[in-house]
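Here come two complexes built around subunit A, the first alongside subunit B, the second alongside subunit C.
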Partner chain A sequence: MANLLWLQGGACSGNTMSFLNAEEPSACDLVTDFGINVLWHPSLGMELGDNLQQMLRDCISGKIKLDIFVFEGSVVQAPDGTGEWNRFAGRAMKDWVQELSDVSDFVVALGDCATWGGIPATAPNPSESVGLQFLKRDHGGFLGKGFKSKAGLPVINIPGCPAHPDWVTQILVGVATGHAGDVALDEFQRPKTFFQSFTQTGCTRNMHFAYKVSATEFGQRKGCLFYDLGCRGPMTHSPCNRILWNRQSSKTRAGMPCMGCTEPEFPFFDLAPGTVFKTQTVMGVPKDLPEGVDKKGYIKLTGAAKTAAPQWAEEDMFVV
Partner chain B sequence: MMEDGLKTQTEPFPEDHVQFEAVLKELRELPEDDLEGKLVVSGFVDHPYGEDDQRCLECMYYLVHRKWCDLPELAVPVEPEWWCRLWRI
Partner chain C sequence: MTGAVQTLDISPVGRVEGDLDVRVDIQDGVVTNAWTSAELFRGFEIILRDKDPQAGLVVTPRACGICGASHLTCAAWALDTAWQTEVPRNAIIARNLGQLAESLQSLPRHHYGLFMIDMCNKNYRNSPFYEEAVKRWAPFTGTHYEHGVTISGRPVEIYALFGGQWPHSSYMVPGGVMCSPTLSDITRSWSILEHFRTNWIEPMWLGCSMERYEEIETYDDFMAWLNEKPEHANSDLGLMWRMGMDVGLDKYGAGLEKFVSWGYLPDEDRYQRPTIDSRNGAMMMPSGVYDASTGTHKLMEQGFAREDTSHAWYDEPGGPVHPYDRTTQPVAKNDGDFDGKYSWSTAVLHADNGHLEAGPLAREMVYGGSHMEGWQHRDGLVLDMHRKMGGSNVLLRHFARMHEFKYIYRHIERCLRNFRLDEPFYVKPKEQDGRGWGATEAIRGALCHWIDVKDGKIQNYQIISPTTWNVGPRSDEQERGPIEEALVGTPIADPADPVEVGHVARSYDSCLVCTVHAHDAKTGKELARFKTA
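Take a look at the complex of A and B:
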């Protein structure tokens, strides 16, 4: 039996919604098949008021063993580092976060706000929000760079806005069943099994990417969303086209550009009108090129791809 | 027209997508059949251009098999070695 506690800081509950949609395994499977005991969760927890406070204190004192602490949302530090803007169970949430992280075997940051600070940490960041261990790309998060949970791992970051439900439950099962050692993390502490490939891996528009056929409007069936609509699929680490959403589809399959929500920079650009869902260019070349490709290589590749492009690449192959 | 030495507006090259949109806007304001106007505003030349030897062949709007510029605001026949300042890859 692994005890799991889930709290929410500066959050919209999106990751909770996502979690409750999990299918492989489902949230119920975690309890019935994988021995996870949900001590408390904002939408599922039974305890209220004094009982909840007592339970949290029992976790901190060690009376209740805390195996997995899941945190959703940013750590709010306003005003002036006190955290009083986000009070929970009688005190600043950030104080619970610190003490519970210190006693937990594993700490999981869930969603962009908990991992990198996300939308709440976007400048001017009045809530003084940070992620658990990162602030954007840097180790500037609440628990500090050197933090390790009792099992010796840093915070396990599962980003996304929200994170895909199955990323969450599969990692929780891995950790709860003693396979944490198999969970290799990348430089941003994301599980590699999900975040080593790109959103583009498995995208149905890959051939349109190769032959430079562009979609110019959302929902168009033909064309790649990279050239005009700012798709970040080639530089975003996520399995969105391998592990489909609702087992059905993904943004790019539906004709919607990837916004790179699993990367620390999300949300991108200056968000000025006309800059979102638009490919930013510098002298005709996309400002952000697929990872590992430089401008010269890109131009060469384009010439070769164009020359080799088959006739059908110029046609709408989805005739119905 | 190009062989006859039509002077077109090759500069300034739109540096970012905002300037690119501005040229597109100018093109949209032309009557649809004003071929000369389109050639001038988009800065056509019948040879590669710039330090990277940019050509229609590499441009994302160029359709190889039809030798056609697929940019809706232009939609004109072009050769692979041509160039215009809406070049984009």
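Take a look at the complex of A and C:
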């Protein structure tokens, strides 16, 4: 039996909505099959029905043992570090976050806002938002670089805008069933099992990437979205094409460029004019190259690929 | 003799794109005054300033993860009108489909996850329906709760087939959509839709075929349907209605009795050259304003929209201004002052009619009019119920929402039938400066975006969401906001457990289940403890 508390700060509820789409295991399965006791959740955990403020205080005092604290949304620090622009249960949300993180065995940051600051932290970041232990790529965030939860782990970051429901339910079950030791984290504290491979891994447009055949406009049934439309699939760590979305598809499969939402820089280039859904290039070479590939290698590779491209790669592959 | 006024500060009352707090004055067991206060500011309008014109397609779906597809729709149509694009018919259908799928998902999610849980409140233990309610609707363990919440994930699988994922895709772009589906995507969508009908709508929600339900045109028809068969009376809809009447949900929560809808679902052959002015004549679901006090319907236009910050935490001139003239300047110190500023939500007004209620009830009241063109949607059921029940109430507002499954479902079918897969889904537009406006109806109500593009970047971006209409504070003329007004007159059986306040807030769909806590404002002594199960 693990007690789980879930709160939302500068959030849109997208991660909660995504979580409700989980099927293996489903949100209800966490409770009925895996012994997770949801103390409270803004839209689910009502079975204790206790006075929320009292319950939060009981968690902080240790009267109720808090095993997992899940936080969705950014930590709002405006104005001037007071956090008053996001009040919850009568006080600044950030004060609840600090005290609850301090008493919890595990702290899970869910979605980009909680991990890196996300969309609210996009320049000029009017709400002074930060993530729990990072702001973009900077280690530290709200809780500080040295923070460790009571079980001795830093914040477990499950990024994504939103995070995929399976990443969430599987990590929660893992932690709740005593397998936290098997959750290996990368340098950004993301579970490696999901974030070691790339969005591109499993993308149906991979062969077009290999032969440098580009989708030059939206709505084409062939072509890779990297060369013209700004796809970040080769540089983004995510299993979006291995663990499909809503059991059906992924952005790139449906023709939408990956925006790299599991990486700390999302939204890239802070959405400056000319950067949305357009590949940024310098003298015809993309500014951001597939991870581990340098400019020289890229030019060689694409030159050869283009020459070798077979006829079928230029034709409609996923025909009506 | 009237008793003393007791003031309850309730924090939080659920989440409405942030945290909603409510203050109510209670006298002799009835709410006599109310204030709603939104407690989160992220400043999306500020973030969007000086950004890429298309930044709204990325940012605004994240304004609300619950109705992200509706934001995306608005963002795309706003740019379409600013850039004067051509939008091919396939793209119009694909956009409508995405939005409809999101709306269909939201119905069981709201019904089980948010609304029916309250029927398990111990205050209702003397109702003859209580035992059955707990069996079905208790969170997690309720038989229908688990099924309803889980199956709510299915309609958005259709969204994923076109947009790649739900929530938070950006597949709608000026000039069309990014996808170009194949026949297999259409067929899979059909089968998902069928599954949803045969596993939830018919056996659990209705206890009859959709076709039988679609015969209902008046309140009398509805009551006849309810009493026709035990399967109807014992369906989730039937039980909700009978228990709702038994515990008095038909007795309070009226509100302002003035309603708004932007209209939505552009017809694929009528809106390929979108402009702001041609919009009303191109929507399958008509726009409108309905004023129940005069019984009059009229069309809604973006030019009527006003925002007033006199009671909101912004340093902007008070008094109503058009959204194009907003500057979004948050105050530095957001102290709650119930005579002054007390919310991040602005008061959204109609230039002539003041505050208006948005949402499914509002839509249905509009659809009961005769102000629309003959080919546009018309349905008089809810308006008839409204008249016969003597006005709005919590039960009717929730009924109106759930009633919408019927045409959402049929419109999804229509979309799937009408694609022409060999024709384009996208026509590349020419980027240009200009002003645009995009509107739609999110499941929770009227939503729109205004964009002003200058020198190739966003100069001003303004959003008015359904929540802003409904949880807005008082206007400069001191007229209460819709939820504030709906709370007035609410009976509070037990001030230590004001479940009724939650009912009213949730009937407007305050997004997520909420817990209500009330403290005596003066002594700080805890008065209320609100349990939902």
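By our rule, the second predicted complex is superposed on the first by the 306 of 320 C-alpha atoms of A that agree within 3 Å, B and C clash if a C-alpha of one lies under 4 Å from a C-alpha of the other, contacts with A are read in each partner's own complex, and residues count from 1 in each chain.
Everything below uses one rule, namely that contacts are C-beta pairs under 8 Å (C-beta built on N, C-alpha and C of every residue); 3 or more make two chains touch, one makes a residue touch a chain.
The model shown is predicted, which means the values in this text are computed figures rather than measured ones.
Participant: Judging by the criteria at the top, classify the pair subunit B and subunit C on subunit A as clash or fit.
Facilitator: When both complexes are placed onto subunit A, subunit B and subunit C end up side by side without any clash.
Participant: After the superposition, just quote the angle formed at subunit A by subunit B and subunit C, using C-alpha centres and rounding to the nearest 10°.
Facilitator: It is 100 degrees after superposition, to the nearest 10.
Participant: Between subunit B and subunit C, point out the one touching more subunit A residues.
Facilitator: Counted on subunit A, the partner with more touching residues turns out to be C.
Participant: In the overlaid three-chain picture, which partner chain does A:G284 touch, first (subunit B) or second (subunit C), both, or neither?
Facilitator: After superposition on chain A, A:G284 lies in contact with subunit B alone.
Participant: Applying the document's definition of touch, where does A:I119 land relative to subunit B and subunit C: first, second, both, or neither?
Facilitator: The second partner, subunit C, only.
Participant: So, does A:G274 touch the first partner subunit B, the second partner subunit C, both, or neither?
Facilitator: Both partners, subunit B and subunit C.
Participant: Counting only touches as set out at the top, which of subunit B and subunit C does A:T177 meet: first, second, both, neither?
Facilitator: neither
Participant: By the touch definition at the top of the document, which applies to A:L52: first (subunit B), second (subunit C), both, or neither?
Facilitator: Only subunit C; A:L52 stays clear of subunit B.
Participant: Report for A:K306: first if it touches subunit B alone, second if subunit C alone, otherwise both or neither.
Facilitator: first
Participant: Please work out whether A:R247 is in contact with subunit B alone, subunit C alone, both, or neither, and reply first, second, both or neither.
Facilitator: A:R247 sits against subunit C, while subunit B stays out of touch.
Participant: Check the superposed model and tell me the shortest C-alpha distance between subunit B and subunit C, rounded to whole Å.
Facilitator: 10
Participant: Touching subunit B and also subunit C: which subunit A residues?
Facilitator: 274
Participant: Under the stated contact criterion, what part of subunit B meets subunit A in this complex?
Facilitator: 13-18, 20-21, 52, 54, 57-58, 60, 62-66, 72, 87-89
Participant: Spell out the part of subunit A that touches subunit C in their complex, as residue ranges.
Facilitator: Listed in rising order, the residues are 8, 10-18, 20-23, 26-28, 31-32, 38, 40-47, 49-54, 74, 76, 78-80, 84-90, 93, 118-120, 122-127, 129, 161-162, 217-221, 240, 244-256, 259, 261, 267, 270-277, 318-320.
Participant: Could you pull out which subunit A residues touch subunit B in their complex?
Facilitator: Touching subunit B: residues 212, 214, 216, 227, 274, 278-286, 298-299, 302-303, 306-307, 309, 311, 314 of subunit A.
Participant: Show me the residue ranges of subunit C that touch subunit A in the complex, using the header's touch definition.
Facilitator: 11-12, 14-15, 17-19, 21, 39-44, 46-47, 50-55, 57-59, 62-66, 68, 91, 109, 113-114, 117, 138-141, 145-146, 149-150, 152-153, 156-157, 159-171, 173, 175-180, 182-183, 188, 330, 332-334, 344, 421-422, 424-426, 428, 456-457, 511-515, 517, 519, 526, 529-533
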